Amino acid sequence: MATVYVTRVVHFNAAHRLHCPDKSDAWNQRVFGRCNNPNWHGHNYTLEVTVAGEPDPQTGYVIDLGVLKRIIHDRVVTRVDHRNLNLDVEFLAGINPTTENFIVAIWDELVGAISPGRLYSLRLYETERNYAEYFGNDRSQPRRA
Amino acid sequence: MATVYVTRVVHFNAAHRLHCPDKSDAWNQRVFGRCNNPNWHGHNYTLEVTVAGEPDPQTGYVIDLGVLKRIIHDRVVTRVDHRNLNLDVEFLAGINPTTENFIVAIWDELVGAISPGRLYSLRLYETERNYAEYFGNDRSQPRRA
Amino acid sequence: MATVYVTRVVHFNAAHRLHCPDKSDAWNQRVFGRCNNPNWHGHNYTLEVTVAGEPDPQTGYVIDLGVLKRIIHDRVVTRVDHRNLNLDVEFLAGINPTTENFIVAIWDELVGAISPGRLYSLRLYETERNYAEYFGNDRSQPRRA
Amino acid sequence: MATVYVTRVVHFNAAHRLHCPDKSDAWNQRVFGRCNNPNWHGHNYTLEVTVAGEPDPQTGYVIDLGVLKRIIHDRVVTRVDHRNLNLDVEFLAGINPTTENFIVAIWDELVGAISPGRLYSLRLYETERNYAEYFGNDRSQPRRA
Amino acid sequence: MATVYVTRVVHFNAAHRLHCPDKSDAWNQRVFGRCNNPNWHGHNYTLEVTVAGEPDPQTGYVIDLGVLKRIIHDRVVTRVDHRNLNLDVEFLAGINPTTENFIVAIWDELVGAISPGRLYSLRLYETERNYAEYFGNDRSQPRRA
Amino acid sequence: MATVYVTRVVHFNAAHRLHCPDKSDAWNQRVFGRCNNPNWHGHNYTLEVTVAGEPDPQTGYVIDLGVLKRIIHDRVVTRVDHRNLNLDVEFLAGINPTTENFIVAIWDELVGAISPGRLYSLRLYETERNYAEYFGNDRSQPRRA
């Protein structure tokens, strides 16, 4: 049997600010620098969503990537695109929107909604030069190769 | 000892149609939508071929990427470039050319021809936003890390 | 007054075949080589549409790029995406779909539909390494700089 | 004599909101849609700055691109990177930061500071699919070709 | 009649050093900095060659891009790829290989060899962030738009 | 607990030559072809450095990517950028600078300097079409998923 990994790439943009409200302004300024600007800054994000599974014998699909695109749009893109990640996004409430925290929160929104196949990994570009990847925290998950 | 993974990227283009001949036209139209167009559509494909191995002490190569390029061209590119994947490609005969089925078929063409080193993975872009990856189905294969 | 040029980039894919029906099969094979495959091949095309004009004092737009996107989709993308350029596209009937002929035909579909602003140029990528540009054939058109 | 055009590409990111304060909220919402979000959104911008001139016989440079980079950083990048374009940028005060208005304002900051050579054009990407170009409004400027 | 501009993109890599032999080592070090390293450095260059003309009524081509590719390879790529631009390239003898000087020298190698169509412009990337463009120095050349 | 992988992408350029001094010139010419040019050639390299760890509860960072950028610059970029890999780089002394040997040498420079988090992988592009990846040779290292 052949496990194949299929990926859909989507784009969105958002404003955000890195800030830990439990800490002083001086701590936040020192730790986050320009990313702590109280007037916000923003990014064009690129999100890659990878689903693992065996191709269906009839369709030849692990998952129809049009279906996957719609799931990602309904669960993630419509809620974050052209938004303020600190103020506008329910699933990020109380979360400092670093790329690391953001990608884990996106995973939690998507992991139960993918079918057929199982969510294997996410890659989230904040810029062309900075990105994060996440594979979930389920230790029983089958390994890649 | 150090296992290094080296990758060669190649490009080709082809026409295809997603269609399951065992099913009705209505089923095919519903499942594959525009990809079922009986007059075909097409893509510029990008294929990434990754070979794993230890660098040779004398050459410093896992595999000479010029040699790898020639293997990929002889085994894959010359047979699919500027072709119709449903009609012209012997190694796809009877296979519905989804990205998933196509990448598994390419693996089978390449896996026995790579030397030195062993074929580790393939990545196949159908568009910039849709791609598949395959690592073979040999469970005894050493894991990545 | 400040003329600004704004561009919207769109993607589509299609099958085609280069073939001149007035000529013999031998001539077509010699001139077009692999691009003459009677079973078709295909591409992911990228189209860049540039509109020139002065930004509106109230909106700050030459043209709302969301509006421009819809015009391009209605006039071009919905008619060529996942199609066979030789068989399925009315505005290409009787035209050998080289990139050159295709870009001129797209211009003719778009030039009367752009408002506000005026269509300034098109760029059409057939592959990452081959593209065409067209600026219309109206000699009275204001020059770029 | 040979006029050569040299270009330096820079990146920055910022938050903004499209909004015309002379108009009602309903007008702004209708015209700018999601781009009018009162909580802001943001982008990774890419700016290409093109300088025209004849290569210096001794250096072979139109302008040292390291010098050009520093001019762009001092005049533009340090003032807009990780900023809110509506609130934080003096040279955008009172300007609705569409890509069109933004590129004209950047031109005005740069045009007097380029030496040797003369500023020929700017290209500003708001996303990979949307960009603006500007060549200044000086009709006496030599034409491109 | 419709003038269309077609472009072929090619890649090559080379070592070079920026150095003006008429000047002192101190002058060269001050002007060219790290680019003056006497042990050389190098780049992956990308060259875009644009040819203008009217599509041939029978072929639909301004110029067959496969033919253009061969001209560029014979005249330029085979002479500069995997070479030292200061030591190995006859058409650069005595020329300080800045991007500006290099692009003018490439123009001179190509301009007489393009047929059908006429060489319209070159774009030469030294890195993703630095590039030069050249349109020749023939003032009688028809303007772009 | 959530392991996240964060990546910083950096660029540099260098000259090099593939050559095994223990072997004859004929052997080197046969094995390395154009890459054996005694006058050198060169590349724009792209290096991706991936660090694995759990996001810090206060900062939300696995590692501050600005800190990671400085580590990479101090340990690698300042020593290889605009250099000759065979002549100028102490940590490559006696090493034939294939991409494979180069990536292992970079790993050894970085692996002890990364904190917080642990170095997980490197990817090194020599051209857009050729790259290597390395995950270290520590078999006790936790697996990816």
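For clarity, chains are labelled A, B, C, D, E and F in written order, and residue numbers in each chain start from 1.
In the analysis below, a contact is a pair of C-beta atoms (placed from the backbone, for glycine too) under 8 Å apart; a residue touches a chain by one contact, two chains touch by 3 or more.
Quantities reported herein were computed from a predicted structural model and do not represent experimental measurements.
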- Query: Any chains in contact with both chain C and chain F?
  - Reply: B, E
- Item | Same-interface partner of A-B, chosen from the options C-E, E-F or B-C, over half of the pairs matching | C-E
- Item | Farthest chain (mean CA position) relative to chain D | B
- Message: From the C-alpha centres, identify the chain that is farthest from chain E.
- Response: A
- Just how far, in Å, is the C-alpha centre of chain D from the one of chain C? 27
- Item | Rounded Å distance, chain A centre to chain D centre (Cα mean) | 30
- Where the CA atoms of chain B average out and where those of chain E average out, how many Å apart are those spots? 34
- Item | chain E residues counted as touching two or more neighbouring chains | 128, 143-144
- Query: What topology does the chain touch graph have (line, ring, star, complete, other)?
  - Reply: other
- Task: Can you identify all of the chain pairs that touch?
- Result: A-B, A-D, A-F, B-C, B-F, C-D, C-E, D-E, E-F
- Message: Applying the document's contact rule, which stretches of chain B touch chain A when the two form their complex?
- Response: 18, 20, 22-23, 31-33, 95-101, 103-104, 120-121, 128-137, 141-144
- Spell out the residues on chain D that touch chain A in their complex, using ranges where they run on. 11, 13-16, 34-35, 37, 39-44, 81-84, 87-88, 127-128
- Item | In the complex with chain B, residue positions of chain A that touch it | 1-10, 50, 55, 58-62, 64-66, 143-145
